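Everything below concerns the one structure shown next.
Lettered A, B, C and D in written order, each chain numbered from 1.
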């Protein structure tokens, strides 16, 4: 297993390097953005004098590289600094949003992943049947509508017509888990509809791909029933691509949900990041950006490791 | 009328119902309990399809269009999936050509062994495991008690093939289909596997259909032989009769393959290419070690060895695809750069290579014309008419009709035609030296023979120098002037063909020679004895 | 003096009488008459368009409705603007000026207390105002306060402001949401993040850019105000989401409904649309010191080449009124109703072009929706209409971000807007006076500037009306600002939410004082 | 033609829809009853003879907008995917061919690019360079470059291992030849399949950008933005926004039918 451990370590190290690159990239990005926090907040009422004063207070008058290094030295000591705008600790600012984002992602994932995989398996099992085709078309139609539009449709049906679920996912206003699940059902459902298609298609493709292998024919010639061929002989060998696409979609559920957050005015990290970018609040942008990048990287590493574990050849390589 | 299996007038079709491609036509087979039937034929003869059909199984897109497959009272041609599932593995088992590909990489050998018995309810897990150990032992697998707990990739090809035979025996079937089970193996391993297979079928009185293109092999295994061609039966006879007095011409032509001989050129010849203490590494693993020998101008030198002997690495080094870690390669007496990128245009032109797998050696997206046109233009700089003429000339050299073939895409060619195009591509450069890397091992014998004859002719006409990389001693015997025997990256023995074949000095060489299947029924037993002795001799030496 | 104070600090009865009259006369209060007597109690849930995670309680940085409303609910100001547009003491009990209107004395109420029980003292006021003045201040109102020469506390509840020059409208300044009163830390400064205020509500929970929850103070010193027990403001950025929330009853009140679909929203029986004329107006400032805008005829040509009606209809969806190229809204004091209305008239435009010695004109209009949602559409409509007058208005779309820093005041011709100013003086001195920070037309009209100074110190209402009237004319005929339309403030609420007959029209939602002034049925 | 005869009904359907869309887009000015931005009547007119799909929020003819939308939407998507794939595939194949540190460097760079959430990346980049259409095309192309790079690199890896590449190298062929003539033809089917989906994602992405206020700017008609412009209507049960949304869905499904078929043929050729 040492080989595996080595691999994990090297991948994580690589991840850290990538993170630095990302943070630098984002910093440069924010520097390039027209206007700075002072201008954004003062808006039309800005005058040269007030701007200067504001910048001085925020330390924006320092040269960029100094600000970056300053920030970086803070981060390596685990201090993400304060929001320039609200003077709150970034860590504290993130914590609640982070929890919300994770909750919604988990909610959607727990439902979407199993459904997608099962549908994929069935589609592969009953390949080219009516079920396969309709599942495929349904999936495609689902991903071919803009997220916010799916959301509006769901709102129309479930809130306005039926009145079953709220249109504002006010997770802050509920205290029980049940309440939370109810309040955030529609955003979760939207996300589920968005991610399911991709995973399902990949699962199907991966399984069908493996079904061409000689050992599948061997299994059938041993008298193994079809469903068992798919589950026991095909699935284990198709895990790697499936795991990877799942990881990709999990990353999306955490990282890419800004639009859904806006529609349901759900206080997640996405809106925080968009706001922070709009107001040029770079410690916040950096922190959220790094978290997103980190999530993406970790999920990918995790996926690789799982795929390796799922494959005996790689698991204990010679 | 066989008392176990009777196939009558079987017809298999593929493709559209309206104009189907016929795979099998009017096939009749009979098999008694405990009898072994050999199915012989070239690729595309339909022998594999016949073997699978004997199980009532057809591959996707293929269908049984007529005839009966009567297995012990049930007509498999019309049996339901459920019925077939009950028979498969339980009473009819299958041993595939490539055990490496046919074992599920995700599960341990013994679990795959036990799957059948558990599904068919012939044994519980514990019993199945014990039985597995027993069969592994009978198949003479090394440490049979634990080998089952390994994953396929942890076991060598020869051992996997035996493990698969054991798996096929798991439910003690009445019939086993062996589909080219030893084709992928080295000759020395082949002997052991063949032996083990024969013993176990005899032991349990299991009937078998043994499918192969290798007559020598089948003559060791089968009681009767059926020769097939283009999905039809050519002739069937008891093994002895089939070997001694085949009736059909086609059968004779098959037998004849082993008869070509190029008159060996002996006597002195100045070296074209010299290897001087050449060694090569894959990371820490030493693939080549202290290789010294010279390739004589205008001669054919065969480099023989089993897989892992380093012969292909040697080819890479000479071609410049891999830089030697020590020693030098001299071309016309002048040192040759290790990396092809550092070699002169002239050197690149003069040293050409022909590859084992014609379908990966030629770009499947190109036409024959594109494939040849480029090197012609690249090396000779010819343009327009002259270039087109040269391309046609090349086609004639390799005996393919330009008008028919020039505009075909590579996938539309047969294996032999592809290999010829590969040769033409090499010739396009007007080379002096051609490396032939296992160029016939993927081809049927008749086709292979054609290629060999072609190469011999070209050598005469163009005064080429060949280096033949191969594991097939029949090929060596056919065309080599000089022979170099390799093992584990070293040269075991080198010399003129005559000397190596008539008076081999080294024990390994002897064993190698002894392993080449012969067409007399007693060969296998002899070979196994000799091999045993030879191995002990090697260990002694 | 008496006459003056009666204007500056009218008695309560006077104010009520006046407002009723105004209500009838001006025919405002488009909303049907409602239960006169406010009721206490209930929770008001509001969905707001604006509000950002970068919001903070520091009064110097308030930049969106979310914080304006919060500020007025949690803190209070010396002066508030009454629904009729006049200034009315709030934390101040009364104020009076010396005849030259250059020295102002504010007397604080003695019953006003902070939410921690302390009474409001003069030093608190001084510290609070100072927070927005001086070198290191980053406050948006800083320019407004530059007229102040000195502030000092006279005893515990008197504050005296000495101005650089007389200003009759000085009290109006203190309505500004920035200028809320905080506690003096003891060192003459305030703690900008402190939640202790003098308003009717205290903060229960505040998550910037998400929500704020306010509960009523039982010990609120002001009578007949702050009726809701609890107020929750949610930031709901997406228009559709806001309207859905209102229809499903998840909120009681939303601002800025989507004008595209408001007609459908209106069909919903338990939804009421509330509109109020405002002081908010689109402007297209031209730099009068840059060619070709340095020629007054070119300016007049452009002023006649724009189809104001079309903009009101298509961009404001009818929720607005045409502008007349001066910034004074009809709801503001001293509005000049006699001015002849500029209208779309290609012929006239050509005529002016001719006077400028041109037969065609090419100008570029820099715009972005940052300058007010719909500015781009307005610009497109403008350039369509102008073609008929042989004027080619090229529309150049600028990035929203940094628009105010990179385009406004920089480009010679762009789109902009002005939010409410309570008095002509504040409006003019902010954007039209020579040397004003935000004189976005670089307009320097001597007569105008004389009048501005004179009118500021003039105490006779009649004379002021004439002066401001003339100034509006000067703006219209000579000024550099093309002002096509005034926007209405539109909000939507369910039937429970009750509004007074007349609301203050300077900003949206009763000038963002709705939390204190509105109630639930 | 023989191709078409072998095509399954789904693929034929897909091809028909795609062809129709392309034609309509191509000849939009001829087909459309009114101009793209022309205001022809009151807002939200119901479906009628002269306005088959009614009018939109500014009183523009819905049908005409749809037709011009086809042109802009498909045009943009084509352009964007075109750039992303030509550049991404070239780089990917190059990395696979060169291997070693070149490959490492490029792959890591792509990792960084992919680690930043696409929408955020787009928001920032567009805020920096301004939300004009060319800029948007560029930005989305850059964002899609990363996955295309990965895909083509992976695919090319398998090809590079094959002997005919070795043969071409031994011949001393230059990089460009190896990429264009030897590798590209062998991974094209994989790329096409990916392109199918990406192509559709482009206008979804644009729609998302419009939603956040930085997509295609009015009055240009494009399906994604049209969904956005009229999206609020759906909450009142008005089907107007379903028209562009439906168009997108139809096109996506069609294109994927074609892609699936192509993949099937490609895999068929291999076996």
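We take it that a contact is a pair of C-beta atoms (placed from the backbone, for glycine too) under 8 Å apart; a residue touches a chain by one contact, two chains touch by 3 or more.
For clarity, every value in this text was computed on a predicted model and none was experimentally measured.
Undergrad: Write down the chain pair with more C-beta contact pairs when A-D is set against A-B.
TA: A-D
Undergrad: How big is the gap, in whole Å, between where the Cα atoms of chain B centre and where those of chain C centre?
TA: 90
Undergrad: Calculate how many whole Å lie between the centre of chain A and the centre of chain D, each centre taken as the average of the chain's C-alpha atoms.
TA: Spacing between the chain centres: roughly 22 Å.
Undergrad: So what's the Cα centroid distance for chain A and chain B, whole Å?
TA: Taking the mean C-alpha position of each chain, the two centres sit 50 Å apart.
Undergrad: Where the centres are mean C-alpha positions, what is the separation of chain B from chain D, in Å?
TA: Chain centres of chain B and chain D, defined by C-alpha means, are spaced 47 Å apart.
Undergrad: Pull out every residue in chain C that's touching 2 or more other chains.
TA: 240, 244, 247, 399, 401
Undergrad: Touching at least two other chains at once: which residues of chain A meet that condition?
TA: 33-34, 148, 152, 155, 160, 262 - these are the residues of chain A that touch more than one other chain.
Undergrad: Which parts of chain D, given as residue numbers and ranges, touch two or more other chains?
TA: 127, 231-232, 235
Undergrad: Kindly provide every pair of chains that touch.
TA: Final set of chain pairs in contact is A-B, A-C, A-D, B-D, C-D.
Undergrad: In the complex of these two chains, what residues of chain C are touching chain D?
TA: The touching residues are 239-240, 243-244, 247, 258, 260-261, 264-265, 314, 369, 376-377, 380, 397-401.
Undergrad: What residues on chain B touch chain D, complex-wise?
TA: Against chain D, chain B makes touches at 319-321, 340-341, 345, 348, 352-353, 355, 357, 360-366, 374-375, 378-379, 411, 425, 429.
Undergrad: In their complex, what parts of chain A are in touch with chain C?
TA: 33-35, 37-47, 49-51, 53-54, 56-57, 83-87, 93, 96, 148, 152, 155, 159-160, 163, 166-168, 170, 172, 262-265, 267, 271-272, 275-276, 278-279, 281, 284
Undergrad: Show which residues of chain D lie in contact with chain A when the two form their complex.
TA: Within the complex, chain D touches chain A at residues 10, 108, 111-112, 114-120, 123-125, 127-128, 200, 204, 207-208, 211-212, 224, 227-228, 231-232, 234-235, 237, 241, 245, 248-249, 251-253, 256, 260, 271.
Undergrad: Mind listing the chain D positions that touch chain B in their complex?
TA: Spelled out, the residues of chain D in touch with chain B are 162-164, 166-167, 169-173, 181-182, 185-186, 269.
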